[in-house]
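Remarks on the structure that follows.
Just so it is clear, A, B and C label the chains in written order, and each chain counts residues from 1 on its own.
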């Protein structure tokens, strides 16, 4: 469905995207996980035909994002990180204009359906500016799928939202997968990547440092991790099972925490840095 | 019909703005002030042959106002859509083409320009000035609006940061509005300056509208020149949208 | 000296914007544009109040520019600082007294008004009209700038949204700057309007500046009238500042 080959994006001497390759199968949810500035948004912008790559190729449903941009645009839906809804229009008008831009028929039916799906009934005639952050995000995603795209791109879909709203949106996204849409999202929230994604690519400073199913990635470094504080810095030790982890902790004469490994640990193991502050 | 959603969007926003009472009034405060200050304040002075100064400046003010309104609407909506709110990306990622974006925006810009002209005509009527709204007048007005809407799009696309359009407007649009035969015949200017001003499009729109308004035939060279510039800027606009919508 | 940080901040922003993309130079140029436009075309062709229109217009435009720029800048800066950038609150919670804040704003508004006026005087030199030597001219000019920057501060404090500033300047300031003896003689108005207009501050300024510029008899009554308005707006601003916190 999505095929990225040796993608590079340079701004002067800075490589925002450094030789990234991956592919996404039809119907799966693929996530790009990484800290802010890792290059996730840049990759999405290239795939959604808004940005031109410096080198490399990317294809969506077989169409090249540079040469066949108009064909690509027919098939994708985008919910970018900035909520670029039209603030001066109502919920319904935003959906309607979007549908018209995509030359849709039966706009009203689809718009009503999506308003219900996004939990925005009663708000059809509310000006977007007056909606809460969570409602805006839900509308943004609804608008992105208005025209039945084959591939949906979500750039940081829950950034800045409360935990409950975040879970609502996760449910919406999982819902979409059942309808057969291929989804690619970017995030810097570990729990989001672990909960939603079938496969995850971990990005740091423009480079793809690991890719695979979340469980597989974690298994590579061990199932359990011990966190200990050493001279003011947290150190991590990885173990394949709980027993070896406990034995290690017993042998220490300081406080330590044992927990299950998560994707951030994968990131830390490879890069020595943390993703989330 | 692909341009229609873009035009419709602007139309909805405009209708909503019109419901705010002060908006309509701000539409004509500036032209009204010009008419009062120069048309009325300087009336009685013999400035041009054959007509009162007020009669002289009304087509000029119509040209000025329609230019400013058409330009400002397209340039600012594109600039803000590209820099601040990122809503311009919505157009880029959809299957419609640059031609449609251009057409939709130019139409809504021209609509604004024409409406501002209509408001001035009403005000002029209150001052007793009657303008003959014949086909030549309307055609010149339309060309003026299309021309400056197109220039507005080019400006909006080329702007790198919010505020660039404002600078361009202050250095080119406003001076053009003041110099191009709007408040005085360009013959009043020193010759080298008059020659440069003669090349500017607003000079010709105003000339055509002024002639048409008093029942004469406008100079066909001017109409042709305007038409040529319209086509030129419209095409350049499409080109700008295509090339500059992807970085 | 505690007004100084407020004054300094406004000045830094002014300087930075001045050189950044000529953003604000462009607005300061508009009065000069009017001078060039009407000066070059109508300036020597028609007369007003017995002198060439050019001679009539120059002091009028100086009044126009000083009022407009002093008002606009302050109104915008104060209202934006309060509503969007919340930088205004910084001043309120600092140990600076309200008078200092007010003085700081007024002075910085003045600088903009004076800057714009000096640009007109510069262009006037090229038309053959050197700046006047009369000290009263500059007294009136300064008073006008302080008056309108205080008014601008008041407008900025009272504004509930940026729209309000826009509406106020469109419906009060703009008409005043065009109709109060700046571009044409107030004698044009019917008597009853003339009496009202006479007492508007900008009318006094343009009458006084013009008299001084044209070396005619200076209307000494304008100074106390302008002074009264200035004091009124200044203390109104101070009062509102106190109330707002």
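By our rule, contacts are C-beta pairs under 8 Å (C-beta built on N, C-alpha and C of every residue); 3 or more make two chains touch, one makes a residue touch a chain.
Every value quoted in this text rests on a predicted model; they were computed, and no experiment measured them.
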- Item | Number of hops, subunit A to subunit B, where each hop joins two touching chains | 1
- Task: Report the most central chain, judged by the distance from each chain's C-alpha mean to the global C-alpha mean.
- Result: B
- Please work out the Cα centroid separation of subunit A and subunit B, and write it as a whole number of Å. 45
- Query: How far is the middle of subunit B from the middle of subunit C, if each middle is the mean of its Cα atoms, in Å?
  - Reply: 29
- Note on the structure: Whole-Å distance, C-alpha centre of subunit A to that of subunit C, is 54
- Message: Quick check on the complex: what are the subunit A residues that touch subunit B?
- Response: 48-52, 69-70, 73-74, 76, 78, 80, 82, 84-89, 93, 97-98, 100-103
- Note on the structure: Listed in rising order, subunit C residues that touch subunit B in their complex are 21-23, 26-27, 29-30, 33-34, 37-38, 40-42, 45-48, 163, 166-167, 170-171, 174-175, 178-179, 183-185, 188
- subunit A partner contacts - residues on subunit B that touch it in the complex: 2, 4-6, 8-9, 12-13, 16, 85-87, 89-97, 245-247
- Note on the structure: Interface with subunit C, subunit B side, in the complex: residues 22, 25-26, 29-30, 33-34, 36-38, 40-42, 45-47, 161, 163-164, 166-167, 169-171, 174-175, 178-179, 183-184, 188-190, 193
